[in-house]
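Structures given as structure tokens follow.
Each of the next two complexes has chain A plus one more chain, namely chain B in the first and chain C in the second.
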Partner chain A sequence: MPALLLFAFVVLAPSARGVYYAFTDWDGLSRDFSFVGLGNFSDMLGDADARQAVWHTLLIAVAITVVQNAVGLALALGVNSAIRSRNLLRVFLFAPAVVTPIVTAYLWRNLLGPDGAVNSLLGAVGLDSWEQDWLGDPDLALWAVVGVVVWQFAGYSMVIFLAGLQSVPKEIHEAAAMDGAGPVRRFWSVTRPLLAPALTINLMLSIIGGIKLFDQVHALTGGGPGHATDTISTLIYKDAFTLGEFGYSIALAVVLTIIVAVASTGQYLLLSRNEKAAS
Partner chain B sequence: MKTRTPMTLVAAVTAAALLAACSGGTKASDSGGGSKTLTLASIDQGSVEDVVKAFEKANPGVKVRYTTSGADQYQQQIRTQLSSGTAPDVVSVWPGDGNPGATYVLAEPGYLRDLSDQLWAAKLPDAVKSVAQYEGKTYNAVFGLNGIGAVYNQQAMEKAGLTPPETWTELLAFCRDAKAKGTPAFALGNQDNWVTQLVLYALVATTVYGPDRDFDQKMQAGQATFAKSPWTTAVDKYLTMEKTGCFQKNPLGTNYEASQQLAATGKTLGIVQGNWVIALLKGKNPKGTFTFKALPATDDPSAALIPAAAGAGYGVNAEAKNEEVALKFVNFVMSPEGMNLFVKKQGSLPSLPGTGHEVDPSLTELATFIQDDRTVPFMDQLWPNAKVQQTMLSGLQEIFSGQSTPRELLGDMDTEYKAGS
Partner chain C sequence: MNRYSRRTLALELAMIAAALFVAFPLYVLVNLAVRPSSDTSSPIRPTSSPTLDNFTQAWQQGSLGGALANSLLVTACSVVVVLAVSSLAAYPLARITARWSRGTYLLVLLGLVLPFQLASLPLYQTMRDLGLLGTPWALVLFYSGLQVPFTVFLYVGFLRALPRDFEDAALIDGCTPLQAFRRVVLPMLKPVTVTALVLNTVAVWNDFFTPLLYLSGSAQQTMPVAIAGFVGQYVTDWNLIFAALVISILPVLIVYFLLQRSIINGFAGGLRG
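After this line comes the complex of A and B, so read on.
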């Protein structure tokens, strides 16, 4: 009960008060502002930047969720095998995940520059034609951002998958092998169902992280070139702090919250049904 | 927040201020003195300290209690303080319009004392007056100026055997020659979107304000638009420069930092930037010599103008508890001694002529232009809201990446301009 009170006081009440501003034209400073009802939300429908940002956000969330988990799972299977340097590899692969995203993003911003390490490396191995203006080309920039996020957090997914893999009892594998199941069959019929809880956690984390994505975009491209990589979060920031449209920006934040809530609840329901079916 | 002063400076000042904010804002050098105590809120962290010391020394018995803070934080605090009557006697005020701490915004509701009767007010160059005044009265003691133009790397220029161009035709020839020698003329860091405006501003100063110094008044009166003015010429010239190879490859993937690196190390012959970049270039190449020149936009060198922005200055609270000392302080800031202290620390130029300020040789041309009243304010300083500039910045990135056209850009800017404040 005291915990609930504290939660209400520290989180719920301020949030509710914040939501109220979504229905006003507050500029973030003046004390007089007026109630505009759903005005901010209807403005959003006509705002090409906002529509584009929602689209980018969904693209990023889906791409990160799929790629990061695929890579994470592959890595987990790799370092779960009996190779000798596996402990060292686990540390290396997980290392990027403990660095602050803004730091890795600034690092990558230089690596991905026209004369950066990525292009130099491509040139050095004779792949000159693959050299790109990774962050300056509006068709590539969004995927470059996704790449950096996956690079950083695939190790994180890997650790969660690894924990799941290690909970799979050896005996079951041995029994399956005795029954004549090959490695692929064993993965599909033994490992996969037992990994379901790990998968649920991973998908949930990556989809929420993807929808909220801010740091990496802000540091890598600032939402540019133009608006080519703006997400809902970067737009919220710009509208509030660059343009002083706090009311509108809070309305965007409310929409973001709803999207996160719907996506994560939907996904949770779907996956927990799967988990039950699998067990 | 809208960019009044060069963004980098604001960022640097803000960062420094944030660091210092942890150690507590108010630095009191008091011990009483009652009516002889002046209160001051400043955003000039790193330079105001010296000025306060010199002021106290020149005025025995006067104590200054001052706070410094970053731009964002300051803008939030100052209006609350002014409206509730708790503001200090002297406050930092940005030039022009648009941000919550700007001259127009604070003078309109009567928060600032009219400073027109002070001796320096009449001496301000016209370009500064237009942003230090509201409805013909001076409210802002603007002490420093920054300009935008071409900054050349002397060593790289000598190596290429080229000299700075004086006309538009020469500029394009210069770009072709530079490119042929494998060192493009100018570094351009358009990945940071505030950088995209600099070349354009340098071109707009001459093409738009050259024939019509009253362009801003016409815009305000609704008699002119971006789309039907020489702004179109300026944008076209910007793109002509890009097509002629004036800039290094991939400007959209190159950030501000990387562009400095190119110009400092002679991978390009120069950079189109504000004068503040010279200190940064010297930091990257201490042996380099860098010179600021106007960026030619027409074939008549005598018609060239430079965009030069007033930095934030000081205003006096209309309800100052100690008006006499407040005026004394503002006048000290505008005196040769105070002004030189400030601009030397900040790497800018004094807003008033004849302060005896020893101009850094690299800035001689800028100083001459200011002296001759051949400058115009940064264009955004007289726009009615922050969105016009933001539309321009992302629009220019879109043009460079083929997602938009000059026509669309200027049309969008007109729409935002007309939306007003």
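After this line comes the complex of A and C, so read on.
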């Protein structure tokens, strides 16, 4: 089957070679390189930049997952109500999700700058004291990156939650209301269990997307200031293409693969158990 | 549920405020893109004497036309190939229950977990040896394989929920399996094909890392790479940069607003996959 050949040629075979290169000192160009065993991985343990990048990656993934899904769910509940503008809002709120991430990131790089629109807006509403160099402050930059990703993709989570909400039959809600359940109680006991599949998809998408995040960091901060926002993905790029350390870079990619695999299988097991318990 | 109460009004206003928050950056984007660089007033103040000069300048200096053509070429070719090969592969994987079929499907699903960073560096070497580096065909080849697992996953999920009766009838009437697929199954696959088309198009069009790698150092560019290069070159002239950003966003948003129903359903459709 052609699909399998293509897949094997561009994904499986190079991935397998990648795992092998992770144990070598390959520089990306020469044919001769030597086997260094676990050398790259022990280097990584001693490399403060790599340890920080792993930490940033996890932090970004968790923050994006929590905030994006909370906002997405709130928007979905809002759009699923009786408000008149619901169809227009749905189209509008989802729009950023189709725009190229690198483009929105460059847009935000300007907005979040010292003379950018965010600071102008804060000044205009009398919050001058909140004005910041959002991307230049090592303590803030990481959260600014998270904010930009959430701004862009909250609408994506919304659309998936909305599909889940619309699969909840109205009759069940009406029956629960008749039995005296308030809106909060109805959400918790009726809607929430039926949203489980949508939640599974959303958590998967946001956590894996968060772990692999590259474009936004590259465009917003380039990993800076210093290494304050470097993630595993930006480090992979820098090590391979500015430092020429392909072997080490691929070892980082192996670590990334392990983190993605652990996160997605762990989440899958946890959520499929919950889905079963809920249904 | 159908009453428009005061609480509904409050909710409506809150949701519109949320939409304004989403729209604010886009307002600034357009506002600065039409502003001459001599105008240094606050970015949130409406531009007093708007001009389109930035757009013509960005279009010419950023060679955005070529990038746009490349993006269209790469996206169209990759998506067509992926949909064709994946739907064909998904059919036996969904219908045959033998052990090899299940094993193959699991192998394909492994591709959902493997981050492309792992494959992209060794593949860089292969592309160079094949002489494809710096050409759009390297990208077409890469995406055609990269997007297979996800697309097969969508098709298999959909096919498994589809009753077999029609195909069985076609087979009894003397169709070969391939004929049964083409004449009977394929027309029923329309909803999932729309989903796969939308998701693959957006993924390929927006990808930045792959063309950054495989096209670097060549004159060929896709839109995201051209934009990144443009920002690097005109780093202080944000009015010009913003015009380039608008040019790159505009085709995407036009298509989105024209086809918003199918596109949103396409994204939500992954849910039932």
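FYI, the second predicted complex is superposed on the first by the 269 of 279 C-alpha atoms of A that agree within 3 Å, B and C clash if a C-alpha of one lies under 4 Å from a C-alpha of the other, contacts with A are read in each partner's own complex, and residues count from 1 in each chain.
Operating definition for what follows: a contact is a pair of C-beta atoms (placed from the backbone, for glycine too) under 8 Å apart; a residue touches a chain by one contact, two chains touch by 3 or more.
Values in this document were obtained by computation on a predicted structure and should not be read as measured data.
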{"item": "Which of chain B and chain C A:135 touches, first, second, both or neither", "value": "first"}
{"item": "Chain B versus chain C, judged by how many residues of chain A each one touches", "value": "C"}
{"item": "Touching partner for A:18 - first (chain B), second (chain C), both, neither", "value": "second"}
{"item": "Touched partner set for A:227, first chain B, second chain C, both or neither", "value": "first"}
{"item": "Contacts of A:99 with chain B and chain C, given as first, second, both or neither", "value": "second"}
{"item": "Touching partner for A:110 - first (chain B), second (chain C), both, neither", "value": "both"}
{"item": "Contacts of A:250 with chain B and chain C, given as first, second, both or neither", "value": "second"}
{"item": "Which superposed partner A:238 touches (first chain B, second chain C, both, neither)", "value": "first"}
{"item": "Doubly contacted residues of chain A, that is, touched by chain B and again by chain C", "value": "28, 110, 115, 241"}
{"item": "Partner chain A, residues of chain C touching it in the complex", "value": "1-4, 8, 11-12, 14-16, 18-19, 22-25, 28-29, 32, 42-44, 81, 85-86, 88-89, 92, 104, 107-108, 110-126, 141-142, 144-146, 148-149, 152, 202, 205-206, 208-209, 213, 216, 223-224, 227-228, 231, 238, 241-242, 245, 248-249, 252-253, 256-257, 260, 263-264, 267-268, 270-271"}
{"item": "Chain B partner contacts - residues on chain A that touch it in the complex", "value": "28-31, 109-110, 112-115, 133-138, 221-228, 238, 241-244"}
{"item": "Chain B residues within the chain A interface of the complex", "value": "1-2, 72, 75-76, 79, 83, 100, 190-193, 248-255, 258, 385-387, 390, 394-395, 397-398, 400-404"}
{"item": "Contact footprint of chain C on chain A as seen in their complex", "value": "1-4, 6-12, 14-15, 17-19, 21, 28, 75, 78-79, 81-86, 89-104, 106-108, 110-111, 115-117, 120-121, 124, 151, 155-156, 159-160, 162-164, 170, 173-174, 197-198, 201, 211-212, 214-215, 218-219, 233, 236-237, 240-241, 246, 249-250, 253-254, 256-257, 260-261, 264-265"}
